[in-house]
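Below: one structure, written as structure tokens.
Labels run A, B, C and D following the written order; every chain starts at residue 1.
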């Protein structure tokens, strides 16, 4: 199987673990006419079963931990986890709060970090490109 | 309904509550170019007079808007402020009214106001779980924000021994815990 | 964990939504009888980040300003706005007049973007994706202007205690005006799409009715309350920022239709008219903006020092796109952090109205009725459906709810 | 090789087999790509490349195939195959590329009606087998919708066949017969109006058939994953995806076969078989494109963007009534002329 087909048809599932909505509306903005990621074959799907990429936002509230793990398990391999935003990457301004279990990489393995509070839509698209690179590496290692 | 001046409002509290009123303050701030006033009234009442004060606010305005209850841990007591707004719907005539009541730590109980203001349930629930004040007669006794496995008897906004223990939160590397 | 979740653990998809409408940290427990909703309970807390605790124990007030900005990613102007006003009142700082005007302009820009965002989301809820795309495309223009003026699309970092951090210069005004002209030119089109479309009317008229008296009792605020005829708008009612100089009138649906029903359609009217109102407010602010400094204390270290020494308390109130935001702040002399901080976001009280909105309606109406208060949190939301007859509980994610909703539109359409 | 349909030219047989099994799915996917592109353009976006559906399917084949614990395993796995096979079978009975159908014979017009149900039924079965409440709700709704649009479809086919049965001795419930006697040639002005109404009905039915994920009307094309498919992943999902595409193509081909069976080559007088085959094949593709554009792409976008909300909210009553009006007109036409 060619990896090219894989790269050009990434289906994305958006998982919010307690974010402030800032990253989430930028992810949505990526879909809208101005940025239109569908032209790269990227599209948001409604269930993790269909997803290739998990877009995770938010600093992971304690109540969300089992759900994050379950969603990760529900996503079929090969899969890539992308963290959008500072909170998800390293806790951000909420790091010291008593109700956090994150950042996300302490709960599930993360491949791509897109920092920013929130990152610009362009940065999110670039993050997806980074995910492609990661997939290529996986192919070279014979994982795919 | 007749719109009273801030001074008249304070006066009406004095007549209604009598000795139940500890003190009061009117704070006025001039805003922007035209220097219109942002008026806040602070009413400090005794715990016994609290219900009567809320009833009196309901007299001043048919449906007073209870925005939120704020709570502060003052060491030996907990202070609740019921933030009301009255006279809304009229251009620049709204008044923010803070009803302050102090509860000693030995007896952290306050009667509910949900019979007068049905929308107050959320904020009373939050007050219960965050500062540990028991709201007597609250129609819904569950937690609002905290997870179900959050330990009993720990209240995040308390600063005494019932506050958060040190192992419940993290400290950024390189930062001193306060 | 609910009954349904334990019984059918594998089917629960807790993070349903892919679009922001119902992404609340809120769970609705619906009791249904057949297709009719007979009971609603709201469970909050999936996004509880302990922000107030952080502000009271970790941060100095200037740091907390940025924390306040991150309470919500959509209405992230009104929170620092209210927080700054509260701290200013507590510490006795008066922001310069020009800063008040700049604050107002930014807040109104945010209202335009937020209402357009909501319009798209609401269209999406009833299955009009084309309108969703249309609304979001239109919204990009104000995003550009906000970026042009503040440097950021979402979190603007404009506010400082005692003023604003960036000035709006004369060179920037033409671009702002150009954007306002653009919105004025398409306003008629937006109005036609959202108010005259038959399907939208069918889906929103007499759905999710909130009567004036209930709205008052349940302390609703913002467009939700105004659509029920409560002419409560902080910008009109209380003097703050540049609004104190302008003659603002709260928008109620009877301005357009002559009557107040308090349904979802009325909420659309209120929000649409508020977009127009915001354009007018920005225009007036640009026109009347006084010159002068933009910060009461430009030196951050001196400001921090003053705040540490200050003693007092204050309330900041601002009208966010979704309703009234209130921050209460108490400062203690010698303490670096604020000693008490309480935040009231509009959805906090608007959610109280949720049972009234939903009970008696159909399941398919839940998404649009729920979205109509423009709830503003972030993530999970799903409903536990209890069938009265069989007493079975099962979970519906909001995606399923949305499907039901879209299906209803479809039925109405053809 | 069996001498199917009395086709004795092995070349032609080969062409039909290739056409049914390879060209039809390929063009089906291509049209799906075009549809997504056009919808995106109408929504002010650039949209995915036309070959996107191929990429999607190739990618899905690379993915892990998860069968959830709670599912009825054999049914869960079988349902996508049933859907694909039934859709592929459809292609054998519907005349494609201006040729006759590979299989076919007495009553195939009725058979097609049943075959159209099977893929939907397989979707429903898969939904029930996932035993997710979400998929179950989806399955129930799909069944209701399915029953609704089969009815007007039946009215259309029965009307056509009855009218055509009056002028020919061949079995009218054969697509070949219908193709040999286009309705437009048989009726007068009133009948033409009636036939146009039937075309309209069929187009509306096609929307229902093609927007298979019924609750997701706005996204049925861009998001194959509706409620029914919530638990499916990997290969199984790709089978459903393919079945969906093939069924849409078959459905549109059926519209073409029923109402626009004309070939181009006799009109322009191309006698060479190979050339005529190519010309007819291309003409068929154009016809399919036009019908697909009108029924799926355009109406879908227009309904969201402008508003076509004149039709009653109950598919079964309104569309059936409209179809009946069409058939009555054709009947009156018969009496008058």
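Here is the rule we use: a residue touches a chain if its C-beta (ideal position, glycine included) is under 8 Å from a C-beta of that chain, and two chains touch if they have at least 3 such contacts.
The shown structure was predicted, so the numbers you read here are calculated from the model rather than taken from an experiment.
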### Query
Going by the contact rule set out at the top, which chains touch both chain B and chain D?
A, C
### Query
More contacting C-beta pairs: A-D or A-B?
A-D
### Message
From the mean C-alpha coordinate of chain A to that of chain B, what's the distance rounded to whole Å?
### Response
41
## Note on the structure
Distance in whole angstrom between the CA centres of chain A and chain D is 37
### chain C and chain D: spacing of chain centres that average the CA atoms, whole Å
45
### Whole-Å gap between the CA centroids of chain B and chain C
23
### Query
In chain B, which residues are in touch with two or more of the other chains?
146-147, 156, 164, 169
### Where chain A touches two or more other chains at once, by residue number
32-33, 45-47, 63, 74, 96-100
### Message
Give the residues of chain D touching no fewer than two other chains, as numbers and ranges.
### Response
43-45, 230-231
### Message
Going by the touch definition at the top, which pairs of chains touch each other?
### Response
A-B, A-C, A-D, B-C, C-D
### Interfacial residue positions of chain C with respect to chain B in the complex
44-45, 48, 50, 52-53, 56-58, 89, 94, 97, 100-101, 216-221, 230-232, 234, 236-242, 244-245, 247-250, 288, 290, 314-315, 317, 324, 326, 328, 330, 336-337, 339-340, 342-344, 348-349, 351-352
### Query
How about chain A: which of its residues touch chain C in the complex?
13-26, 28-29, 32-34, 44-48, 57-59, 61, 63-64, 67, 70-71, 74, 92-94, 96-100, 117-118, 120
### Task
Would you pull the chain A residues touching chain B in the complex into a rising list?
62-63, 95-100
### Query
In the complex formed with chain D, which residues of chain C make contact?
4, 8, 10-11, 13, 127-131, 133-134, 137, 197-199, 202, 394-397, 399-400, 403-404, 406-407, 409-414
### Summary
Per the touch rule, the chain A residues reaching chain D in their complex are 1-2, 5-6, 8-11, 32-33, 36, 38-41, 43, 45-47, 49-50, 52, 74, 76-78, 144
